[in-house]
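Following are the structures in question.
Common to both upcoming complexes is chain A, partnered first by chain B, then by chain C.
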Partner chain A sequence: MLAIWIIRIILIVVLTPIVGGLLAGFDRIISARVQGRKGPPLLQPFYDVLKLIKKENIEVNKTYKFYVYASLFFIILTAVIMLMGGDMLLAIFVLTLGAIFFAFGGYASQSPYSIIGAERELLQMMAYEPMVLITAAGLYMVSKSFFISDMISQAVPAIVYLPAVFVGFVYILTFKLRKSPFDLSLGHHAHQELVQGISTEYSGRELAIIEITHWYESIIALAFVYVFFATSNPISHVFAVLACLVVYFFEILVDNSTVRVKWQLALKSAWIVTGVVSVVNLMIVSFFKF
Partner chain B sequence: MNLIAVLILFPLVVSIVTFLVRKENIRSAVVRIGAVGTLGLTVYTALQYFNDGLRISLGETEMIEIFILVVEVGLAAYIIRLGIQTKKYLISVFSLFQTALILWFEFTQKHGIEVETSIVFDKLSGVMVLIVGVIGSLICLYAVGYMKGYHEHHTEVKDRQSFFLGVLFLFLSAMFGLVLSNNLMWLYFCWEITTFCSFLLIGYTKTPEARNNSLLALIINVGGGVAFAIAIVMIGMNFETLELSTLIAMKPEALVLIPVFLLCVAALTKSAQLPFSAWLLGAMVAPTPSSALLHSATMVKAGVYLIIRLAPLLGETSVGRIITLVGSITFLACSLLAIAQRDAKKVLAYSTIANLGLIVMCASIGTQEAIWAAILLVIFHAVSKSLLFLSVGSIEHQLGNRNIENMNILMHVSRKLSIYLTIGIAGMFLAPFGMLISKWVAMKSFIDSNNVIIVIILAYGSAATLFYWGKWIGTLLSNGVGKTDGHHGVFSLDEEIPIFLQAAIVVISCLAFPLISKVAIVPYLSEAFGGQAMAPIGLGNQLIMVIMMAVLILMPLGYIPLSKNSKARVTPIYMAGENAGDNEHFIAATGVKRKSELSNWYLEVYLGGKRFTFWSNMTAITLLAIGVLLVIWGWAL
Partner chain C sequence: MNYNTKSPWILHYDGSSCNGCDIEVLACLTPLYDVERFGVINTGNPRHADILLITGGVNDQNIPVVKQIYEQMAEPKVVVAVGICATSGGIFADCYNMVGGVENVLPVDVYVPGCAARPQAIIDGVVKALAVLDEKQNAMKK
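For the complex of A and B:
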């Protein structure tokens, strides 16, 4: 029993970033096609990371690199908790811990660009956090459990009861996947107004770690989408994977067809969307007492 | 019996001695011995009675009753005179009304009402005694060092340390009485004493601002006392009892709910919930030890303690619903307001009010899980907040101010203090620290009790919490090389020992929360609700959280040796290619060397102004007014 557990955990730790990296490659190809370019090969994100790891070790002070590793640790822990079917609220709290360590890294580098990026990261967290918690609350209401393993073994998929919550979650997913229009803290493209925000001072191995952390995070974000569609019926898992891919494709399109907005709009719109969908949807669910 | 009496009377004696001794060295020794003595006594008492509890029925209480009456009348006379002197006639009216009411009740109506059990030491009062005794006496210990430094920096304030330190101990004594009394008359007496102590502490500096704020605190809390007095008289006349335990055991019918509502209003004033919160924000003019005491171990905890006691009567009743909504509005509004604050003590004050709001929400929902969360919140809030206040107090001495923006140089000024402060902040919002565990359970129990609006408010409030604590820790970590030539006070051992101990308590209580739950909270719930209560967080999850905690503690150890051996090339930070040699300056447009300056976000445009506070207060007032209508309606039908 314990051996199976350990094997599963190892598989999750190893496979999650591989799938995440493939998704990133897929993302870059699609984005290129949307912009009328050919784009890099599918495995380009992996080549990039390998290249980064080989680079010279440069730092601006002694402490700031530590936070990147701390962040990775907690993000991996989140992935393990979620993919093992553990408690969703616990996973959310650990995820927050990971994300906030990343922001601390930005502060610790003492670089103006990084600190602005870190501040924006905190603001983004404040923008999306309510919706994440409400998603968990909604899923708990329809499945009577915070355990993901229970949530995905219901007879009816959660999406049937929580369509509005799902829409709200997809809205804030844009933050989590660091996609435009909500990529204020860590722009992904060549020369941003903030010179890559939090990651400005990171190079070489730490930049590679940031990239890998992001792969984990993408999968964690999509795991939430998955939970909305999976049921006790095995075939539903195929649909759930398809739903994840559709959502991800949708996010890529949004990323390529919008420009970054000011933080005011990002925060306000996220909070308003969250408020509206959660009040409407959760009220109805609680009225019928599922 | 003897031990309980000693526990209540010992701080009182220390208080009197401290007040009388004017020689600094002797007084410091008295305070130290008093604090350590109170601490030891608290722990000893808890060990004695924690398992089996204690219910004392006193036969002859006439002496105590007379003593209480005399003090109450004397206090009322003082307050009424004070109100007339300062032209705050409302205080006089409140005080006159409640004292007259109590005296009338005492002499004409009380005959025949027997109080069987006067003192109850159960698991809940045990937890409260430990909080008051341990945290409170550490704060008293800290005050010895702090006040010395305070008067070196603030030469304009008249040195009345004997008075100040004396009141601190009086406060502890009153709090012990408050959490141990089952007799409502005694409880009310201690309640009024804490009000008076807080008034004295807030007004310590005697500046016009301090005076005004202390009078404001007095008006609001004496107003709460009026509600308390009316509640006692109603309970006594309608049900022929004056015992808290008897009241709690009643059915929540209309006639019971009116005094319960009044008691809750008294609790809301004491716990500084909206719309009564102004006094706690004003209380910051007082020297830090008193703020720490008011915010963590005493005063505000008295209010939530009463609501937790009354929880079985709240729940799904109209009163319970209204109190839950008031708590949730407070939690959300104050979490948002805290974002706009730069003054460290203000952030702490708003976060205290917000967290008390959360406790009020949990307690008034009234389910077992929610009360589990409420008690745990009380514990974690007390330990973390006291650590934070004490650290900020010492930081103010080190940096000369308490603006969060200036704390980026703290790592250079005092590494120890920044670590203590970080532990305190982490205790307030990071997983797997205490507050978060409680929030988790709160969330679960709010959904279980079908309170959708409350769930949504909790989600928004905790996101705001994340933002303001996050940017504070971030500022500490950003490690700027500001000017270090400012006047740095001495970080004396008197200050450091209590701060260190409290930091240790924060960490230990987080590691030991499964144990606290098992030994104290679950047994209390089983007793209060009957049947076998259960901890709402499963064992597996508790284990994961303890592991996370251990990782967080060990993490810094992992990276220190690594970074020392690193062969990395150190480069200057990125300044768009215009570095001016150091990491501070850059070459600006006309070739001038300019310092790069950054500031955190405070969203003052949205949250800073008075309008936000005004509307939050209005919402809370409206809710309470609806509560009054509902209670009257329920009674009239």
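For the complex of A and C:
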């Protein structure tokens, strides 16, 4: 029993970034096609990371690198908790911890750009965190359990009861996947405005770690989408994976068709969406179902 | 195997160019030439860049800027001088404030000819730079 657990954990730790990296490569190809270009090969994100690992390591100060590794550690922990079917609340809190360590890294590197990036990261967290918690609360109301393994073994998929919560979650997914219009804190396209925000001072191996952390995060974000669709019926898992792909594709389209917004709009719109959909949806669920 | 050649990230700096070469550099990113096919990303951050593309010559005012940018880049790194101005000062060579080509300040690895340098020539220059990058990476390992 223990051996199976360990094997599963190792598989999750190894396979998650591989799938996440492939997804990132897919993302870059689709983005290029949307812009009428051919785009890089599918394995491009892996080439980037392998290159970065071998590059020189510039040290700005003694502490700022630590935070990247701490962030990666907590993100991996989140991935393990979520994909093992563990407690969703715990996963969300550990995920938040990972994001906070990442913002600390931005503050610790002391560059004005990275400090702006870190401040924006915290603002983003303020924008999306309520919706993540409400998602967990909604899923709890439907399944009467915070364990993901219970949530995905219901007879009826959660999306039936929580369509509005799902819409709200997809809205804040843009923050989590660091896509435009909400890629305020760092983005591949934030060249001239904030010189890549938090990651400004990171080079070489730490930049590669940031990239890998992001791969984990993408998969974690899509795992939330997955929970909305999976049921006790095995077929539903195929639909859940399809739903994840559709949502990801949708996010790529949004990424390519919008520009970065100011943080005021990002915060306000996220809270308005969160407030409206969560209140309406949770009221309806509590009124009719229980 | 070195992956530098598969993912060259470029930092583009405009010295005292007339802007002619700059728009050609940016033209490389457009759908017609699409250098992202080769993994090229145009970053704005010296810490992330492998290749420093400089257009235009150096003048008294931007010498410290160019040097600082170069110093902030992580090894291995290469410098590509794009256009005649970056090579020798070009038509601005006689101006009172010009120092001349980039080579007066930084070690230049590849020169790209032309006024303005054509996108094909720039891509060719970057490909040549990749060979140099590879050599430098191998030298670093030893």
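Heads up, the rule we're going with is that the second predicted complex is superposed on the first by the 286 of 290 C-alpha atoms of A that agree within 3 Å, B and C clash if a C-alpha of one lies under 4 Å from a C-alpha of the other, contacts with A are read in each partner's own complex, and residues count from 1 in each chain.
Just so we're on the same page, a residue touches a chain if its C-beta (ideal position, glycine included) is under 8 Å from a C-beta of that chain, and two chains touch if they have at least 3 such contacts.
Note that this is a predicted model, so its numbers are computed, not measured.
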Counting only touches as set out at the top, which of chain B and chain C does A:217 meet: first, second, both, neither? neither
Per the contact definition in the header, classify A:110: touching chain B only (first), chain C only (second), both, or neither. first
Who contacts more of chain A, chain B or chain C? B
Determine, under the contact definition given at the top, whether A:55 touches first (chain B), second (chain C), both, or neither. second
Once the shared chain is lined up, is A:93 touching chain B (first), chain C (second), both, or neither of them? first
Return first, second, both or neither, reflecting whether A:201 touches chain B, chain C, both chains, or no partner chain. both
Between chain B (first) and chain C (second), which does A:47 come into contact with in this model arrangement: first, second, both, or neither? second
Looking at A:255 after the superposition, I want to know if it touches chain B, chain C, both of them or none. Which is it: first, second, both, neither? neither
Between chain B and chain C, whom does A:35 touch in the aligned arrangement: first, second, both, or neither? second
Let me check the overlay on chain A: which residues of chain A are in contact with chain B and also with chain C? 56-58, 195, 200-201
In their shared complex, at which residues does chain C touch chain A? 2-4, 6-7, 31, 34, 36-39, 41-45, 47-48, 50, 72, 74-76, 137, 140
If we count contacts the way the header does, which residues on chain B are in touch with chain A in the complex? 430-432, 436, 440, 443-444, 447, 450, 452-453, 455-456, 458-460, 462-464, 466-467, 470-471, 473-475, 477-480, 538, 540-541, 544-545, 548, 551, 555, 559, 563, 566-576, 583, 596, 598, 600-601
Which stretch or stretches of chain A touch chain B in the complex? 56-63, 65-66, 69-70, 73-74, 77, 81, 86-87, 89-90, 93-94, 96-97, 100, 103-104, 106-116, 118-119, 122-123, 125-127, 129-131, 133-134, 136-137, 140-141, 146, 195, 200-201, 271, 274-275, 278-279, 282-283, 286, 289
Would you mind writing out the residues of chain A in touch with chain C in their complex? 28, 32, 35-41, 44, 47-48, 50-51, 54-58, 188, 191-192, 195-196, 199-204, 207
